[in-house]
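Look at the two complexes coming up: subunit A is in both, with subunit B in one and subunit C in the other.
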Partner chain A sequence: MTSMDFLLFAKGPMFSIAVAIFALGILVRLFEILALGRAHNYAAARGNEIIPGLKTVYRRFNPDPGTFKRSTFDVVVGTLWHVGFVIVLLLFIPHIELIESTLGLGWPGLPNPIVDALTAITLLGLVAVLIHRFKHPVKRFLSTREDYLIWLVTFLPVLTGYLAYHRLINPYPLALGLHILAAEIFLIVLPFTKLTHIFTAFLARYYNGAIFGRKGIQS
Partner chain B sequence: MATSKTLGESLRQHGVSRRGFLKFCAATASMMALPPTMAPAIAKALEQARRPSVIWLSFQECTGCTESLTRSFSPTVENLIFDVISLDYHHTLQAAAGDAAEHAREQAMTLNAGEYLVVVDGSLPGPRANPGYSTIAGISNYEMLMETIEGAAAVVAVGTCAAFGGLPKANPNPTGAVSVQDLVKHKPVINVSGCPPVPMVITGVLAQFLTFGTLPELDEHGRPRAFFGQSIHDRCYRRPFYDKGRFAETFDDEGAKAGWCLYRLGCKGPMTYNACATMKWNGGTSWPIEAGYPCLGCSEPDFWDAGRFYKSLSVPTGAPGDLLVTAGAVGAAVGVGAGLMSRQQSKHAVERHDTVTADQLEETL
Partner chain C sequence: MTQAANSFSLERGLNAWREEIDAPVAAFFSSCVHCGLCAQACPFYVETEDPQYTPIHKLEPLRLLWEQEYTVWGKLKKLARDRIDAKLGRASKPLITDEMLAQWEPLLYDSCSMCGRCSMVCPVGNDIHYMIRKAREGMVASGHAPEGLVAASVRAVNTGSPMGLQWKTLDVQIKHVETATGLEVPIDREQADYLVLLSSMEIINFPEYLEALTKIFAHADVSWTLSKDCFEATNAGIQIGSKDIAATLVQRVVDAAEQLKVKYVISPECGHAYTAIRWEGPNAIKRAYPFKVYHIIEVLDQLRADGRLKTEGKEMDRLSMHDPCNLARKSGVVQQQRRLMDLVADDFVDLKEHGEFQWCCGAGGGVSSNERAEPLKLAAFKRKKAQIEEVEPERMVTMCATCRTQLEEGLEEFSMDIPVVGLTEMIADHLVEKEKAEQS
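Here is the complex of A and B:
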């Protein structure tokens, strides 16, 4: 298998397989949660559900002061690499081209040097959180194999993307193929691990806000 | 027919000055990434070289490679080097036809056994394909290639069709086309890919063969590293625009007029290894990207099937959009079904007043 065969495999059949597993898996998970619904609340509603629900989706982006004080590192580094990851994923021009060709939706991108800098920050952030996980006794105790697995499948697309962009692996078709394959592994693993939080986090926030909103309390 | 005249003698006869010849040798040395001190060695070797016999076989091809080699650089010294190679068989260029032409090939093979070079352009129907798809003088391409390479010193596959199968091999490959390297296993094969290849590359490869009597260092696809060692993207004069994130989005927008990067118009420069960006075409006049046209990646294997020409390199080659919708619909249906089933179960559990222990909950995690 030459590097070109590998790239064409990653760009062609493998991408279709990964996308199919991802779409199937994540929609099974999400629709199962939605169809399950919540226990019926017989008490009279004291407030609206929808508005507080949506407000909470947004409000949870801001850490509460107590959490920030207790886990400054987690909040700062965690936010940094998450934001970096999302921007790099959604605003790098070749990624937009891919999304546009698959979903038919496109938007303006960022200049490559900015994406490059954010990728570097994301990589450093991911390495830092892993070290912190190893060093912090409580975190290490709580960490399962799955936690390390999802760290790896998140780290690899960013790392291979950085290497491919800077052309540090030769020949380039191999570099690009590895990056695409790493992203495909991420997509395949996503619906079956904690990575589902990418979608369920917002659902959980909404339910949380809606429950409190119904009770007339700010969450 | 090969004669005893050396290349040096022949060049002088053609009016090429010693100075002009040395300049060519120095350029060849730098092209092959050799130190400048190698230029005199190249000159000496070339001067003393006997005109090597070259048999040029054209199979499933469009003659574009021959056009590229013969026309685009005809007034230069490289052309003379090419002229003074004893090109004993080339059915586009030779005057002889029919039996006389085939006789010339057979004679060259006998007289220069073990020493001649075979240049192939075009792919050929493989051993298991119908040989009738391409024949010359009633001989199948496969048979002619296998017969001709028996006494060859080396085989040079010129053009992407000969090197990798090219257009004839593109999906669905109706003629069962294969490349030269698929068939020739016991002789060295040098791939000079491109559709067509840069003319200087073939003369460079021949010069190296004449100078050192050895084959050039090859990459994973059997191409000389000296010419295919760097990507179009790395040597592209529009690279700064890529780095700044300035892209032409249509062929006539402001970006295209300003000469910005053609990535979004489908440029395959990042994955393509060739010398276009440095050597250019038509005697150094221009090259596709300079003319505002994205690189098609023509020197890479399977470039016809490697994604659409005007779609970015990052765009998948299949149709994942349709699959996404289908898989999504199935996923949603299964999800709703599973959710409703669980809901039913939990309803029954409530009705039966089922209990659950902490250990049981732990197991579900």
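Here is the complex of A and C:
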């Protein structure tokens, strides 16, 4: 198999398989959550559920001052690499072209040097959070093999993307093929691990805001 | 409870959990990435720095059950494990054992006051205390609830009071209040507007509350009554985590209120009693009430807004306030107590993190009824102590008998000379005498 064969495999059949597993997997996950439903609440409500629920979805991007003070590293580095990851994923021009060719939906991208800088920041951020996970007593105590696995499958697409862009792996078709494969592994692993939080965190935040909102507190 | 003791079993516990798992629980467990930020929101972790007190870790057994039985992926994993075990001819290892629950019992009870602060800071939005409450249902049903709480629940069911207090004790106090104030304490008065409930701890530790209430209601011409059949507002079933016990106790309140045909029921200066009657009660008995439930602070603030509270003079020393978790963060009563403070306090300063972000005193959620938790209760109090030291008040004001007892005991333990007062009493101290009020 030449590097070109590998790239064609990664872009072709493997891509379809990965997207299918991802889409079906996530649908099943969301369905199995929502299907559980909620018991009827007989207590007279003090407040609304929907608006506070939606507000909490937004508010958890922006932690309270006490949390910021006590967990500055988590808030700053955590936000930085998440934002970096999402911008690089959605605003790098070749990524947009791929999305447009798959879904028929496109939007303007960012200049390559900006995406390049954000990629570097994301990589450094991911390395920093891994070190933090090893060193922080609570994080180390809580961490399971799955936590390290999802770190790895998140790190690899960013790393291979960076290496491919800078032509640090040769030949180029191999570099690009590895990057695409890493992204596919991410998609395949996502529905079976806590990477699902990419979707379910919005649901969790909504429920949190709705539960507190009913009692008249904006959480 | 005692007769039922034999029927506690692991299977009953797991079944109780199966009943509790709902869409929010599934969304929460699906979202946790083990960031550990809930730890820095928890007074039990912050003051001990012991990672096992990380809030989300307290739910691990419930999470295991959810994953294995409520996710396709978990079911597939179990199937695969069972096949491997069958091939190797060995018995499958049970997912959750009694030993495991015994290990988790101190985590779910001793080191958690269900204050809900972790639920406010979780970045993915997990309402952790919502799940702790649910997890306790399975702990009770499997026979893994702390002795102190079991005893309080048995007393509450058998005698009506978690402390075994009887009407005749309260009756003595009523007579005393009537002599001291020259006012009548109405008992079993039908069609009164408000049914007043008390807590045993208040009756024993803070008799000034009933006297204050009697004065305020006479001053504001409030039509109220006590009920001989049901004077206890607290609900040991909510603390231990048993919907059945909770329903039995709430039903007594509902029966008394319906019998006396009152429009409103007032929860006393007690945090959990309020959440028990206000939010959990209707769900425990599975119907909406024909009356409304208020915390005494809400009633006082409404009287203030209606111009029915005429006060004179102000407290001149530096005062700060402790928001009970159950009242503020868990029930949305935050501004009412501050408006009342404005009425009677000249030099009021809030603790830096207050209202929905206040820190628990460390005694709620059944921790104070659980003797084994005593050292942790005092450890958690150190967070409150640090908060109090920041603003250096001369006195603390609060509106929950459990918080008040904990603050008094904790401050004394650390030799801090800061008295603690109940807000209702403070208001009563500043009432304009009725004749004077009528002239003006």
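Operating definition for what follows: the second predicted complex is superposed on the first by the 219 of 219 C-alpha atoms of A that agree within 3 Å, B and C clash if a C-alpha of one lies under 4 Å from a C-alpha of the other, contacts with A are read in each partner's own complex, and residues count from 1 in each chain.
Note that a residue touches a chain if its C-beta (ideal position, glycine included) is under 8 Å from a C-beta of that chain, and two chains touch if they have at least 3 such contacts.
Note that this is a predicted model, so its numbers are computed, not measured.
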{"item": "Room on subunit A for both subunit B and subunit C (clash or fit)", "value": "clash"}
{"item": "Partner chain(s) touched by A:L105 [first = subunit B, second = subunit C, both, neither]", "value": "neither"}
{"item": "Which of subunit B and subunit C A:M1 touches, first, second, both or neither", "value": "neither"}
{"item": "Which superposed partner A:A204 touches (first subunit B, second subunit C, both, neither)", "value": "second"}
{"item": "Contacts of A:V28 with subunit B and subunit C, given as first, second, both or neither", "value": "both"}
{"item": "Which of subunit B and subunit C A:P13 touches, first, second, both or neither", "value": "first"}
{"item": "Touching partner for A:P173 - first (subunit B), second (subunit C), both, neither", "value": "first"}
{"item": "Partner chain(s) touched by A:F212 [first = subunit B, second = subunit C, both, neither]", "value": "second"}
{"item": "Superposed model, subunit C segment overlapping subunit B, candidates 22-30, 58-66, 238-246 or 256-264", "value": "58-66"}
{"item": "Subunit B/subunit C common contact set on subunit A", "value": "28-29, 32-37"}
{"item": "Subunit A-touching residues of subunit C, taken from the complex the two chains share", "value": "21-28, 30-37, 39-41, 45, 49, 51-52, 54, 56-57, 70-73, 119-127, 130, 278-283, 285-289, 292-293, 328-334, 353, 356-357"}
{"item": "Touching residues on subunit A, where the partner in the complex is subunit C", "value": "28-29, 32-39, 41-44, 46-47, 56-57, 60, 63-64, 66-67, 70-71, 74, 78, 136-144, 147, 150, 191-192, 194, 196-197, 200-209, 211-212, 215-219"}
{"item": "Contact set on subunit B toward subunit A in their complex", "value": "219-221, 231, 233-234, 242-247, 263-264, 270-271, 273, 300-302, 305-307, 311-321, 323-324, 326-328, 330-340, 342-343"}
{"item": "Interfacial residue positions of subunit A with respect to subunit B in the complex", "value": "2-5, 7-8, 11-13, 15-16, 19-37, 93-95, 97-98, 101-104, 109-115, 167, 171-173, 176"}
